[in-house]
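Following this line, the structures themselves.
Below are two complexes that have chain A in common, paired first with chain B and then with chain C.
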Partner chain A sequence: MIEVKDIVKRFGRKTVLDQVSFTAEKGQITCLIGVNGMGKTTIMNAIMKLTPLQAGEILVDGEKVTKDTFEKIVFIPDATIMLPHFTIEMAMEFMKDFYKNWNQRRADDMLAFFKLNRKDKIASLSKGNTAKVNLLLGLAVDADYILMDEPFSGIDIFSREQIAEVFTSHLIEDRGVLITTHEIGDIEHLIDKVVILNDGKIQKEFMTEDVRELEGKSVIDVLREVFVQ
Partner chain B sequence: MNIQFNNRDPVYIQVIQHFKLQIAKGFLESGDVIPSRRELASQLKINPNTAQRAYKEMEEEGLIKTEKNQPSKVTHDQDVLRGVRNELIDEAVSQFVDSVKSINVPLEDAMKLIETHYKEKGDSND
Partner chain C sequence: MKNFFKLLNFELNRVMKLLLILMGFTFIVQLVGVFVARSNYLTHLEMIQQNEGSSVSQVLQSIGYFSFDRVVNSLFFIGPIMICVAAIMFYIFLIWYRDWFGKNTFVYRLLMLPTARINLFFAKLTTIVLATLSLVGFQLIAIQIEMLVMKWTVPGEYVMEVTLRQLIEIHPVLSLIAPNQFELFMSLYGAGILTVIILFTAILLERSYRMKGVLFGGTFVVAVNLLVILPLILNQTIFDSFLYNGEVLLIILALGVIVLVGSIWLSKRLLDEKIRV
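== the complex of A and B ==
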């Protein structure tokens, strides 16, 4: 379980995260939703220790995040992470050198599933294919937790469907996923839990099937209640 | 297999409903092997946890049976299977009655209308 406990983040005088707490369970897909500029990416960066916090703590399986935690948890950002002249093959080599848990077989499976060519230069790929390479590099690490920042943004509908399919496959099963997205429609049926972030605070945290069952509402209905008043 | 899910009903219940329809239509018969949870999740593009929950409910309702290290199968219990068919028919009729009653259609008229529509549709059973 990833536990985010009362974290506070300020940029100058602006408080971006104001005592934010939530959990993301293993074996579940948790979706962090909020309009732009609400600090979703900052939370992911904080979990990965890429940005310092003013207060609060983050625990992974009950322990503080250290160097060793990064074998258990991978971050798939929405930007290119590899050097521009790298081919997909070189990027995979690079990952293999860094992660003990790199799983080449899984990487090869995903290469075939996404119909990517290992000799292609990453800089020459379309936006959709770049996102798929990022996903491949992250998911091929045998990590327990996966953080994904906006895997669907700016990508055509068919690539989005292909990426959504990953969530129903063995590539994700049993792992804990924390994902941020605007395109909730693509994955409404796929997520277990929703955490709504608004004005630097958690507005709501709920299980999607419970809201459908007890209140007859879709995820979008709940979002509308929170954001459109 | 393909289901158009709506967003307001629990997905697991929609999955169960789908299986019940298959049984009522006779596409799934007693003893038929159904997909594993993982297969179902990827076929229907749903969360494996949801597939798991749907199967668990169906097991509790006695619709399917899973023995150790065996794929899940549709129950052999004919009473349960007949029950599923009756339940679906009952639901459909009661929905129909609710909507015609709400616009004050007398019973005789409703019956006549059913008859005409039934004949018009002929033998197609979609």
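== the complex of A and C ==
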């Protein structure tokens, strides 16, 4: 389980995250939703120790994040994080070199599924294909948790469908996924849990099934209630 | 340790192109320098022979032998060395900043690798050291080849051969980059490595605290430099040369070690806790 406990993040005088707490469980897809600039990416960065926090702590399976944690939690950011002159093959080699949990068979499967050419240079890929490579490099690590930041942002409809398909596949099964997205429509039916971030605070945290069954509402309905208020 | 070597190999591959370009550039320009010096000498020689019809010994008395120090004192020789020094200085910064800037933010990948982040620091440091040593090593080999070329192209009776050792002794820049005495080599390269470590820490301060970090980094560099030369200043002012030079040197060495350990400790802390993408 990823436990985010009372984290505080300030940029200068602006408090971006104010005592934010939530959990993301293994085997579930947890969606972090909030308007742009609300600190969703900052939370992801903080989990991966890519930005310091003013207060609070983050635990993964009850332990603080160390170098060993990076074998069981991977972050797929919005941006390309491989060297542009690398080919997809070189990028996979790089990952294989450093990650004990790298699963080449899975990487090859995804390469075929996304119809990517391993000899293509990362710099020459379209935005959609770059996102697919990002996803491939993250998901081919046999990690327990996957963090995804806006995996659908600025991507064409066909790529979006392909990426959404990944969420229903064995690639995600049994893993804990924490995802941020605006385009909730693409994966609404797949999400187990929603955490709504507003004004630097957790506005609401709920299981989608409960809301659907008990209140008869969709995720979008609840979002509308929170943000239109 | 295995990851350190993987990262080192990776960083060396990234700098390889630059190194090869620098080596090629140095060799070509210095070779041009050999031909320019040769041609100046031979023109001079011909003029004297034509005008005065002098013998070899008279010519040598008038314009001297042609030796390699005519080449090393020209801009063709010093220029490429200076450019290599500048390139390495620039690369000390580039080796970090290239991971943050540009089209792809590679620093995400590096910081998320399942390895101690201080390995990044040591891999980049070792890359700078190895790059410097390979440029120096190449320069020493290049000099030998350039001397051979000189010997082949200038009539033997006018050539005075100098050894590499002699050349280093008489040349201020060469004696600095490849000193003949081992102790001096160790002290110069030790001080150089310490400087790179201090600069790396300053860069990490900037990358962790951004605008404020520029101030922290600047203050850090000035403070550690002052600390290291403090014994020298104090001995010459307040203590009125009470300590022997050897003793001052020992204290400086001890302070250098403290700065080295402190700087690496601070860098590790910054990489682990404070760094920002």
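Quick note on the criterion: the second predicted complex is superposed on the first by the 229 of 229 C-alpha atoms of A that agree within 3 Å, B and C clash if a C-alpha of one lies under 4 Å from a C-alpha of the other, contacts with A are read in each partner's own complex, and residues count from 1 in each chain.
Following the convention adopted for this analysis, a contact is a pair of C-beta atoms (placed from the backbone, for glycine too) under 8 Å apart; a residue touches a chain by one contact, two chains touch by 3 or more.
In this text the structure is predicted, and so the values were computed from the model without any measurement.
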Checklist entry - Given the superposition on chain A, are chain B and chain C in a clash or a fit? => result fit
Item to check | Which of chain B and chain C A:29 touches, first, second, both or neither | outcome: first
Checklist entry - After lining up the shared chain so the two structures overlap, which partner does A:165 touch, if you call chain B first and chain C second: first, second, both or neither? => result first
Next on the checklist: After the superposition on A, what does A:52 contact: first (chain B), second (chain C), both or neither?
Outcome noted: second
Checklist entry - Looking at the overlay, does A:124 come into contact with chain B only (first), chain C only (second), both, or neither? => result neither
Next on the checklist: Quick test of understanding: once the structures are aligned on A, what is the angle at the Cα centre of chain A formed with chain B and chain C, as a multiple of 10 degrees?
Outcome noted: 160
Item to check | Contacts of A:191 with chain B and chain C, given as first, second, both or neither | outcome: first
Item to check | Which superposed partner A:104 touches (first chain B, second chain C, both, neither) | outcome: neither
Next on the checklist: To be precise, I mean the smallest distance between any C-alpha of chain B and any C-alpha of chain C in the superposed model; what is it in Å?
Outcome noted: 28
Next on the checklist: List the residues on chain C that touch chain A in their complex, please.
Outcome noted: 3, 6, 10, 102-106, 108-109, 111-117, 208, 272-277
Checklist outcome for this item: Residue positions on chain B within touch of chain A in the complex are 5, 7-13, 38, 41-42, 44-50, 53
Item to check | Contacting residues of chain A [partner chain C, same complex] | outcome: 45, 48-52, 67-71, 74-75, 77, 79-84, 94, 97-100, 122-123
Checklist entry - For the complex, which residues does chain A have touching chain B? => result 27-29, 164-165, 167-170, 173, 188-192, 209, 212-213, 216-221
